[in-house]
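Chains here go by letter, A, B, C and D, matching the order in which they are written, and residues are numbered from 1 within each.
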Amino acid sequence: MRVAIIGATGYGGAELIRLLHGHPHITEITFHSSSQEGKAMEESYPHLSDLYTSQLQEIDPETIGKEADIVFLSTPPGVSAEYSGKLIENGAKVIDLSGDLRLKEKDVYESWYERDSADTELLNEAVYGLTEWNREGIKASSLLSNPGCYPTATLLGLGPLVSEKLIDLDTLIIDAKSGTTGAGRSPSAITHFSEMNDNFKVYKVNEHKHIPEIEQTLKGWSESDVTVTFTPHLVPMTRGIMATMYGKATMSVTENQLRELYEEMYKDAPFIRIREDGKYPSTKEVYGTNYCDIGLTYDERTGRITIVSVIDNLVKGASGQAIQNMNLMLGFEENEGLNQVPVYP
Amino acid sequence: MRVAIIGATGYGGAELIRLLHGHPHITEITFHSSSQEGKAMEESYPHLSDLYTSQLQEIDPETIGKEADIVFLSTPPGVSAEYSGKLIENGAKVIDLSGDLRLKEKDVYESWYERDSADTELLNEAVYGLTEWNREGIKASSLLSNPGCYPTATLLGLGPLVSEKLIDLDTLIIDAKSGTTGAGRSPSAITHFSEMNDNFKVYKVNEHKHIPEIEQTLKGWSESDVTVTFTPHLVPMTRGIMATMYGKATMSVTENQLRELYEEMYKDAPFIRIREDGKYPSTKEVYGTNYCDIGLTYDERTGRITIVSVIDNLVKGASGQAIQNMNLMLGFEENEGLNQVPVYP
Amino acid sequence: MRVAIIGATGYGGAELIRLLHGHPHITEITFHSSSQEGKAMEESYPHLSDLYTSQLQEIDPETIGKEADIVFLSTPPGVSAEYSGKLIENGAKVIDLSGDLRLKEKDVYESWYERDSADTELLNEAVYGLTEWNREGIKASSLLSNPGCYPTATLLGLGPLVSEKLIDLDTLIIDAKSGTTGAGRSPSAITHFSEMNDNFKVYKVNEHKHIPEIEQTLKGWSESDVTVTFTPHLVPMTRGIMATMYGKATMSVTENQLRELYEEMYKDAPFIRIREDGKYPSTKEVYGTNYCDIGLTYDERTGRITIVSVIDNLVKGASGQAIQNMNLMLGFEENEGLNQVPVYP
Amino acid sequence: MRVAIIGATGYGGAELIRLLHGHPHITEITFHSSSQEGKAMEESYPHLSDLYTSQLQEIDPETIGKEADIVFLSTPPGVSAEYSGKLIENGAKVIDLSGDLRLKEKDVYESWYERDSADTELLNEAVYGLTEWNREGIKASSLLSNPGCYPTATLLGLGPLVSEKLIDLDTLIIDAKSGTTGAGRSPSAITHFSEMNDNFKVYKVNEHKHIPEIEQTLKGWSESDVTVTFTPHLVPMTRGIMATMYGKATMSVTENQLRELYEEMYKDAPFIRIREDGKYPSTKEVYGTNYCDIGLTYDERTGRITIVSVIDNLVKGASGQAIQNMNLMLGFEENEGLNQVPVYP
C-alpha cells in the first residue's frame, strides 16, 4: 500500500514516519509540505538521516489522491476542510489528524475554534475515529477524523462508566496533564526550555478546544447533554498525557466490580491495559507506544470514582491511533505496525 | 537570637539554613542530627562549602532547650512528640515541621499515620501555623505545628471561598502536583532519576496523610464536617506545588467579585499574590521564595469555580512558613529574612 | 531460536526484552533472576503489563545452557565469570554484558575493578564484540564479551582515525557525557531525582573502569601503548551518551578527507551515520535505537581534530549491540530486530 | 545609589533585578527597554508580580546618564558601543554585559563577531571585569566590560595554573557545558523544550565568540600567543556552566601542591571555593549565587591536569559578577548583596 503524509514536518508527521517504517504492509511513503517543499525530511529531522533522503513534495491533492491508497493530513486548521474532498474524489482514503472534522455541529466548532467550520457534507461524511468505540464505523469509512490527544485519554478512561451510567455526568471533572509535544514544533515563549524546565503550568482553563469534542462523545454515549470541567496543564516532559478524572458514582459499586467492567469492555482491545488493584499507570509506562493504560478506584468516604488514564500523546493521542484506524480502514489487523514495547525508562 | 535545627540534614533542614543565613536577627545556628553527628554540614551538602564548617551535634533536648531561643524540628515521625516537651520546659520555643502535632484528634492521626499519636496535652498546646489565618494564635504560642506542604497550597487557595461560604464543600476536588523534594532526601525507586525524568506519576490516591489535615481546617472554617477528594501527583521537577481545585459556587458570583474577595482578605498578607483576570501562576514563579500565588476563575457553563494555587514546597510549604511563624513568635516583622525575589528562570 | 536472559530485572535486561520482542527469529524468551525469582516481569516493570506475565525463574546454568540457544548475561560483576563456562558446556552461546570478560590482562582488570579477574582461559575464549570492527571474530565465537557503553561511543568515533594513524594518540582526550540509566536501576544519592535534575555532574575523574577497556582496543589498533584522559559526566537525562574527543592530527588533512574516510570505512555498517559538513549529532537523534551518529571537524588554528560520537547507552551501548552480535553469532542479518526509527522528540 | 538597567527584559536584566532587590545600598532602580517601553516588568515576568509594577521607560542615554549613578547595559550587540559614551559623559558609571567591549583588538572582534567593532577609544577605556584578577583596575574604572559566561568559568579555573606557568598552553582543551539560559529568552528551535529535554547537544564547535575572549586573557597572563580548543555544549537544565579543562603539566607537581596554590591565590576571593581532595563540584552547588567552585586533579598516568570549574551562568557568569564589579566601582564591599546561599536542591 502507498501512503502519503501531508504536513510531514510537524511532530504528528514525524511520528507517522517512525511508526509506518516498521509496518509490514506499507511499501511506499511520500511526504508533502507547503512550507518545506524541496527539502529532505532528514534536513528537518536529523534523526531520520540516511533513512528518508528523498525530497518533500508539493501538495497537489489531485495527484496525491490518485497515487496514494491512504492519505494522512497532519495539517494546521482549515487545510483538511479544503483538501479532503479532492483526495477522496481521486480515490484515496483520508485520515485527518487536525481538528477540522471532529465537531459535528458547525456552530459549536465556530464558537470554540473561532474560525469557519468545514462544510456540513464533509462533517457528515467524516467518521470520528476513537477506535475502541467505533470499529465498524471506521472500517466502513473513507474519511476519518482522528481524535484529539486529550479526548482520547479522557474518553477511553470514561467510556465504560458512562456507557453503563455508573457515573454522575454532572459531577465530572477532568484534570489533564500533558507533555510539551502536544504544543507542536513551533518555538514559543510557553515551551521555551528555560521557562518550561523545572516548571509546571496550567493553561486555557475552561477554554480548551478539546472540551466540546469530549462533550460531544459523552453526549452520544449518555444520550443527554453534558458539560464537563476540563483543565489542561503542561508538564516538563516531552511526551505523555495523564487524565485524572473524578465523578460521583450513581450507585453502590466496589472497586473490583469497576475493574471487571473495564476488563470486560476492553477485552478485545489490544492497546488498553487495566492496572490491578491499587496500581496506577505513569506516563512513561506507555512511552512511544499506542497503549492506553488505566487505573481506577472508588472512595467510600466521598462516594467518588477516580480514573487515571495515560497515553503517549503523539502515538495513541495522534499518529498511532491514526495508523490503528488505517489498519481497520484497509482491512489489516488492528495492531499491525503498532506492537512496540514501551521505551522504558 | 540563637536557633537550633534538629534533623538538619534533610531538605527541610538545609532550606532553613539557606533562609536563616540572611535573617537579620539570627546570630547563631546550631545543627543537630542523630544519624550524622560529628560530620560537618558541608560534607553532607557541598553547596554549603566554606559556609557551615562546624560539626553536627548530638540531640540533647535539655541542653538545646536551654541554649536556643527557638528550635526547629525537621525530623521523622515520632521524634517531635518525644522532644517537644523537654525543649519547652527548658525555655525554648519550638516549631515542629513534622506531621506529629498537626491532627488534633488522636484517632484520626492513628488511622491515617498508622502509628501512635502524640499525647493529647501536647496536641492541645500545639498551634497550627497556617500563618495568614492564625497570626494571633501563632504570636502567643510556644509550640507551633507547621502545616504540610499540600495543605498550605490547598488551604491558602480555598480559605476565602470557604470562610465566605461561596463554595459547596460537598463538591470539592483537589488535584495536586508536586516536585520531588516533597519526597525527601532518601533515594527510592519512585524518585530514581531514570524513572522520574520525563515521567508523570500519581500516587497515594485517596490515601495521603495530608487529607485529614486539610479536612480538619476546612471543618474549622465551615463549622461542618468535610470530606474532600485529594489526589497527589509527582512532577519531574525539583521544587514546587500546584493545587488545582474545583467546586460548585453556592451562589451567583462573577470572577471579579471572587478576585476582589481574595484581594481584600489577603490585603495584609505579604506573601500572597493574586493574579489578574485570566492569568494563572506557574510553579517557577515562586521558586525559592515564600510566596503563594493564586489564580482563579468562575465558569458559567458548569457553575464551577477553579482555583489554582502554587507554592515552593520547601519554602512556603515547609521552612519558609516555619520562619514566617518564627518571626511572629519572636516579635519580628512577618517577612524578615523572607524577602527574596523568585529565582526565575 | 530460544533466548534466556539472566539478570533480567536491570535496565540491560529490560532493554533486551524490548528489542527482542520484535525480532523475527526469536520464538521464546525465558527470564532469570536470583533476587526476584517467582515474580513476574510486569510486576517489576509495569510497562510490560500484559506482555510478560510469566514468572522469573531461578538461575540454573546447566538447564539454561541446555534449553536456550543463546544466553544473555546482564549481571553484576563476578557472575558471568562463574556461569559462562557451564552455559557453553551445555550447548548455549553466551553474550556477556557485564565487564567481567572485557579486559584480557588479569592484572589490569584487578587493578581497575579491585576484584579477582575471571580465569585466563575464559578471557582468551571471550571475543570482544565491538561489532563494526570484528565481524568475523564475532561470527565464529561462542562466548562474546559485549563492550561497555563509553568504550562503544569512544571507539566507534576514534576507529578510522586511529587505524589510519591520523591522530596523535599522546594527545587524546575524551570528554564523555551520559544519561543516568548508565548508573543502573538501584536508587542512590547520585541519581536521586531531586539532586540530579537541573544539575550536571562530573564523576570518577581518571578513575573509570572503562579507561583500560578503551586503551586495550586502541593499543590493538595502533600497535603501541596508549594512555588516554577520559572524563565521564552525568547529564540530567535518561538515555544517551555523547563522547567529545580531541587530538592533534598527525598530518595535514581537510575536513572533507576525514569525512570521506569515515564514510568509506563505515560504508557497510548499517548503524553508523556520519553527519555532513558542519553538522553534529545530539543524543536524542539516536534515542531508542542502535545507531551511532558521528560528526567531526578539523581546526586549522589549533591543528586538532574534534570527533563527536553519540549513542543510546542502553541500545548500542548495551542491549542493542548485544543483539547485533547475537545476529552475527546465529547467522542472521546484522540488523534484524534493530531497524527502529529513533523516538524523536 | 540609583541604578538604571537598560535592556531589562532579558534574562540578564531580570537577574540584576533579583540580586539588586536585596542590595543594601541601592535605593532606586529604573528599567529601560526599547522593545517593551510602557509595559510593566511584572507583565513580562509574572514572578515579579507586586514587586515591580512601574513601567519600563524609554532609553534616553542623556537623561539616564544624569539621573543614575550606575547603568547596566544588558543589550544586544552594537547597543553599548553606541550608548556608553553618552552615559559616561553625563556622569554615570557604566557596566556593559554585552560582548561589545570585551575584545581589545578591532580585527579580532570583527572576525569572530562578523560586525563592526566599537571605537578604539571606547575599547581602550573599557576595563575587563574578571573581578578576582583585576580588582584595582575595576575600582578605578568608569566603563566596565563584564566577562562572558564561558570565559568566567574558564579563566577562573585556569588562572592560577597559567599565571604560575604550570600548564602547557599548547595542550589546553576546554570542554564546556551550559544550561539553556545562556541562549537568552528568545524562543528558538534549539531551545524548544520538546527537543532540548532529555537531550544533549554540542554547538558552534571551534566557532564560539568566547574563544578569542579566553585567548586574550590567557595571552595577557602568559605573555605569549595562545590558541585554545573550546567546545560548548547545551545541557537540558536551566542554569549552570561546567568547564572541564585539560592540559599537560609543565613540571612535576602533586595534587596537593596544586590545591594549595589555588587556596593561596584565591584566599581573599569570597566567591571562589576550592573542593577538597577527590571532590568535584556539580553545577547545582552554586545555583542562584555568585560562587565559582573548582575541583582539580593531576593524573600521573598521562601527565595531565584536569580542572573542573562551575558557575551559575546568570550570576557569576553575568549579573552577579556585574554587581560584584559595581560594588568595587562604587566603593562597597565586594560581596554586598551577593551573600545568598545556593538554592539546593
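In the analysis below, contacts are C-beta pairs under 8 Å (C-beta built on N, C-alpha and C of every residue); 3 or more make two chains touch, one makes a residue touch a chain.
The structure presented is a predicted model; accordingly, all values stated were derived computationally and were not measured.
Most remote from chain B, judged by the distance between CA-atom centroids, is C. Repeated interface: A-D and one of C-D, B-C or B-D share more than half of their contact pairs by residue number, and that pair is B-C. Note on chain B versus chain C: their Cα superposition corresponds to a rotation of 180 degrees, in steps of 5.
Chain centres here are Cα means. That of chain B falls 46 Å from that of chain C.
The distance from the centre of chain A to the centre of chain C, with each centre set as the mean of the Cα atoms, comes to 36 Å. Note on chain placement: the centre of chain A and the centre of chain B lie 39 Å apart, centres being C-alpha means. Multi-chain contact residues of chain C, defined as those touching 2 or more other chains: 11, 179, 181, 194, 197-198, 236-239, 282, 284, 287, 345. Shown here, the protein chains touch in all possible pairs. Chain contact summary for the complex, chain D toward chain C: residues 171, 173, 175, 177, 179, 194-195, 197-203, 205-206, 227-229, 231, 233, 235-240, 242, 244, 246, 280, 282-284, 287, 295, 297, 299, 301-302, 304, 306, 308, 310, 345. Chain contact summary for the complex, chain C toward chain B: residues 11, 179-181, 183, 185, 187-189, 191-194, 196-198, 236-238. On the side of chain D, the complex with chain B involves touching residues 11, 14, 17-18, 21-22, 45-51, 181, 197-198, 238-239, 273, 275, 279, 281-282, 284-288, 293, 339-345.
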